[in-house]
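Each chain carries a letter (A, B, C and D) given by its place in the written order, and its residues are counted from 1.
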Amino acid sequence: MYSFNNDYSEGGHPLILKELFSTNEDQSAGYGLDEHTEKAVKLIKQKIDCETADVHILVGGTQTNLIAISSFLRPYEAVIGVETAHIAVHETGAIEATGHKVITVPSVDGKMTTELIASVLERHKDEHMVKPKMVYISNTTEVGTHYTKREIKKLYEFCQENNLYLYIDGARMASALATEENTMFLCDYPECCDAFYIGGTKNGALFGEALVIVNDSLKEGIRYSIKQKGGLLAKGRLLGIQFEALFKDDLYMKIGEWSNKMARRMKVGISTLGYPFLYDSYSNQLFPIFPNEVVEQLSKEFLFSIETKVGDDHSCIRLVTSWATKEEEVDHFLFYLSEQTNKEV
Amino acid sequence: MYSFNNDYSEGGHPLILKELFSTNEDQSAGYGLDEHTEKAVKLIKQKIDCETADVHILVGGTQTNLIAISSFLRPYEAVIGVETAHIAVHETGAIEATGHKVITVPSVDGKMTTELIASVLERHKDEHMVKPKMVYISNTTEVGTHYTKREIKKLYEFCQENNLYLYIDGARMASALATEENTMFLCDYPECCDAFYIGGTKNGALFGEALVIVNDSLKEGIRYSIKQKGGLLAKGRLLGIQFEALFKDDLYMKIGEWSNKMARRMKVGISTLGYPFLYDSYSNQLFPIFPNEVVEQLSKEFLFSIETKVGDDHSCIRLVTSWATKEEEVDHFLFYLSEQTNKEV
Amino acid sequence: MYSFNNDYSEGGHPLILKELFSTNEDQSAGYGLDEHTEKAVKLIKQKIDCETADVHILVGGTQTNLIAISSFLRPYEAVIGVETAHIAVHETGAIEATGHKVITVPSVDGKMTTELIASVLERHKDEHMVKPKMVYISNTTEVGTHYTKREIKKLYEFCQENNLYLYIDGARMASALATEENTMFLCDYPECCDAFYIGGTKNGALFGEALVIVNDSLKEGIRYSIKQKGGLLAKGRLLGIQFEALFKDDLYMKIGEWSNKMARRMKVGISTLGYPFLYDSYSNQLFPIFPNEVVEQLSKEFLFSIETKVGDDHSCIRLVTSWATKEEEVDHFLFYLSEQTNKEV
Amino acid sequence: MYSFNNDYSEGGHPLILKELFSTNEDQSAGYGLDEHTEKAVKLIKQKIDCETADVHILVGGTQTNLIAISSFLRPYEAVIGVETAHIAVHETGAIEATGHKVITVPSVDGKMTTELIASVLERHKDEHMVKPKMVYISNTTEVGTHYTKREIKKLYEFCQENNLYLYIDGARMASALATEENTMFLCDYPECCDAFYIGGTKNGALFGEALVIVNDSLKEGIRYSIKQKGGLLAKGRLLGIQFEALFKDDLYMKIGEWSNKMARRMKVGISTLGYPFLYDSYSNQLFPIFPNEVVEQLSKEFLFSIETKVGDDHSCIRLVTSWATKEEEVDHFLFYLSEQTNKEV
């Protein structure tokens, strides 16, 4: 059964594996102090056009979020996110486990706004309440939407005016970068937030997320925090080699583009068959709504997750594409869907 | 410059890489729910001869220790270790960061004894002090020594009599298993402790440590803790594939044997030249003592760490071997050392 | 300016002070191991009709909540409360600081329902999310409402069916007990929850909250947790003496009755003048809605807090009574209010 | 049976109780924002001769230590103390529960030295180990000894040179101030450390410890931390009133002097009878060594704790005096001891 369940169902992109293979017997320093990591960091700094940033490559997304947030905040400070934020829902309370409250605000499209942030600030006035100090956003969001540069810039300006940090979770940043009318490029990130991470796991790496700290005041001691939270990989070279491969010939962008291309093909096909979508996504996650019988039929041939029920008779499912998604499987999905659609009618 | 600095200077054993390569394009479930992990767990249970154990494969050692210990203990409970214990010294307070005190006791050979544990129990009597609840040992220890089955059994019986858990850090378990007169086999572990982990990173894996929980009362909720602490790898298959490779044809033992063989060759050579050792090690870590001038000369040709000064004129260095250690490099080291030795004289 | 700002504006009830004075020079054991605490615990067990309960008297409410909750829950377990819950809003993230998420649900009257709990359980299905394990309610609630026995019993049955603990914050329990048609008596609490606390600070004590643990499985090690979180008072007798005084001649009930009587007098007066209330309270907290000009006038003569704006022209204020509230000040408030009301018209 | 068990066996000094009584019915703001607290803080600032210090009055010592230390340190930073340090032994891992390691060093007299600190710094070099950032000392120490100004100044200079904070636990500061040849006055503290606390519980208050923060960089957000850890007393006036009473007519010093006078009387008597002391104390804690039979006889008439065995036949006991210690009970103790002594011979 072919899986559109997520973007980490396969291993790593072949070019990445090739590099891991070819360097395997070399000796190198441990814990990210090797030459590959050094080169990867250099390449990333070039791409984001920010020599002064600190870059630390970690294994996974939850790990990166909990290390960054717990390192940046003082004990009583809290982070604001939308209700669907990954840190609020799908990290088993990882942020709270480091002592910090995640304040959530409702959002229809998975995106944060200055109005939502302002509503939190109004409610938090003295020391009987936590002190909101950071805004967390994801790009693309957990529901497949993405931010324009204008939107992120507005958020960041509001944050700066209100003494808040802006932190961007880039687990699916490649897909955001590869949306057709993208206005928020890699080199824009350092100007628009205090810290962010460039996700590898969901964009062709075996694993790996590159945490970029732009704000000088947040840089100190981060390697201590990484080690303390169990995030310092002994064979750190593995992270360096992968990000070197991702960034030396624009592989990172190419993977994002392929993922989005496959998603777009799927979206056009589904739309043509007359089905609506719960979220207006241009990235590698799609949220179409089907009658329950269609969902049932699809689930006999494909793997995917059910996002939510829509009324009594319909459901929204999540379809995800990746570097490894095969065009013929997308077409197979669409053909099979059209068959079910005709049956329905 | 050839490195004897540690056992994670190279990538992974070629047989492991081969498996990663051959399975790369398969689709599988995420987060350790894939078939490879299932097979690896099955193989491990066979090797340890314990069907009822729970096995969870994690990325790194500090991560494994902090997840296990924080999951097993109640907030006011503490863990006892020797002063050189990895959790006490080299994990940046990872255990304390989860809220638990590490009580340390002095030990000349890196090994715990029932007398040392008893001394802690005597001092901790009421609720003004933490409650000692777990004993942490490493096999091999941080200074290269190893335990006999008799020793571990005695510790475990003492723990059971005193309502303490025994947890064994097996970062270098393969080297312990491969010591010439080893009496503590893989199948003995489940009978001699409440939980332990089988280290992969320092024995040929790219990364990976298999946490084995034997005590039923400690099993509940561990996957929640793994996720919460950032230890649930999205492409969990990578861990399954590696441990499958390590355990399907005794590769795990073979790597341990090779590491120890190289260390023994080194030890015999160094001894023959008349140098003493700080710790009596039969494993893949050696702690020879050299005059400072010899250390200086060695450091021009080889990478290693200095463990400690010994008087004003001598130093103890740490030499580590692995699956990747080359016999000719060991011989080169010994030849070079003999040259320096003659110069000295 | 007379204050209706809260129920802890004065010191302690004179009968309590008298006892503190008369016992002052006696010697006693520290840390709650004294005879007064023993007697207080005995009296409380009689009043709640539960010999098997464990009772620990602590200094404050936030302290009691954080100690109880962090002692009862495993690291990845979470507590569910309504959006106005004290632990969710007014304890500066104290629960999160011990590592646990507080999951909130919306409630119009400050009260929890089984439907609200069920909605949380439905959304939390696997180890990528925290595990809901405890329901937190306050009686009276933070908005002055109170539960019937039937309501709490229904909650508890639902909790038991779903493997959840029910914990009741009784900071203002005396006021709940003293509502006119109260059906939930002190002796009902042990049958209707796993743990609760009987608030002293807001009912005439200088300070002090008696934590009662009914569920046997939650009793172990609580004194360790109390000490660890800084809650073990050296001169613990002070807590014992106060609760002895509160419970030996029904002083606890009498204070609750007086507070409610004063609030009722106030409520009737305000209602008579034609003002509505935001919450339907029969306890010592009232939430009347006034035109903003009236609020401004009132604030020249009385201290109180503004709860929330109601439209552009009105505000809801909070008025609180206590053992120390003077009848003539209530009447003065009502008279003054009637004057402002007439002006308005 | 008369108790020399500790300095918190009785209630509060009569002058303090009188003030609590006379102000009891006044209304005041909660949470330490009242006039009494304001006055107490002003008085303390005058006595320590430091207008720029921040003063926060808390309920207990463990609470004060855990709030201060967790507020001052970043997650991976650790605090250094001697092996007998209160935070290391008698606070149930309170500091670790906030995430920080307590590094201990051996000390024969309960006092820290620059050599001991230096030995820690030498061993902590990189991010695999915690980062030592604070030195914790107590004055008087846990074993009754006290520091000279010269000693503390030397420690502080060393701390400043090494980028460490110096924090002084003053649970028994009054007794230190009242030692006969004291050179470290209240007004010296702000110049000799970054933060300290002035203990009330063990010097005549019902409870209360005044945390003084001198270093500007440590002041921010402390009230948030106090609230979050459960340390913000609702009726905070109780703390203000007590410290006002302690500092307005030098009551604080007078109590310390009386305690020490009683201890000195006891010490002279015990010495005259020929008994040695384990620690050379001039404060209100004495550690005489008696034959076990004498200890047994004494325990029939007096309460005290046994500190440690000394060889097989002797034990060191701890005797503590306070504001409430009666001269005739001291004399009774000495007379009874002399009787036992004669029997022995």
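Definition applied: contacts are C-beta pairs under 8 Å (C-beta built on N, C-alpha and C of every residue); 3 or more make two chains touch, one makes a residue touch a chain.
Just so it is clear, the structure is predicted and the values come from calculations on it, not from any experiment.
Colleague: Decide which interface, A-B or A-D, involves more C-beta pairs in contact, and give its chain pair.
Modeller: Answer to which pair has more contacts is A-B.
Colleague: Taking each chain's centre as the mean of its Cα atoms, which chain lies farthest from chain B?
Modeller: Relative to chain B, the chain whose C-alpha centre sits farthest away is C.
Colleague: Take the average of all CA coordinates in chain B, do the same for chain D, and state the distance between these two points in whole angstrom.
Modeller: 42
Colleague: Could you grab the centroid distance between chain C and chain D? Build each centroid from C-alpha atoms only and quote it in angstrom.
Modeller: Each chain reduced to its C-alpha mean, chain C and chain D end up 34 Å apart.
Colleague: Taking the mean of the C-alpha atoms as each chain's centre, how many Å separate chain A from chain D?
Modeller: Computed value for the inter-centroid distance: 51 Å.
Colleague: Between chain A and chain B, what's the gap in Å when you average each chain's C-alpha atoms?
Modeller: Chain centres of chain A and chain B, defined by C-alpha means, are spaced 34 Å apart.
Colleague: Residue numbers in chain A touching 2 or more other chains?
Modeller: Only 75-76, 91-93, 97-99, 127-128, 130, 224, 227-228, 232 qualify.
Colleague: Which stretch or stretches of chain C touch chain D in the complex?
Modeller: 2-3, 5-6, 8-12, 14, 17, 20-21, 23-30, 59-64, 66-67, 91-94, 97, 201-202, 206-207, 224, 227-235, 237-238, 303, 324
Colleague: Write out the stretch or stretches of chain C touching chain A in their complex.
Modeller: 75-76, 78, 89-93, 96-102, 127-130
Colleague: In their shared complex, at which residues does chain B touch chain C?
Modeller: 70-71, 74-77, 98-99, 127-128, 130-131, 220-221, 223-228, 232
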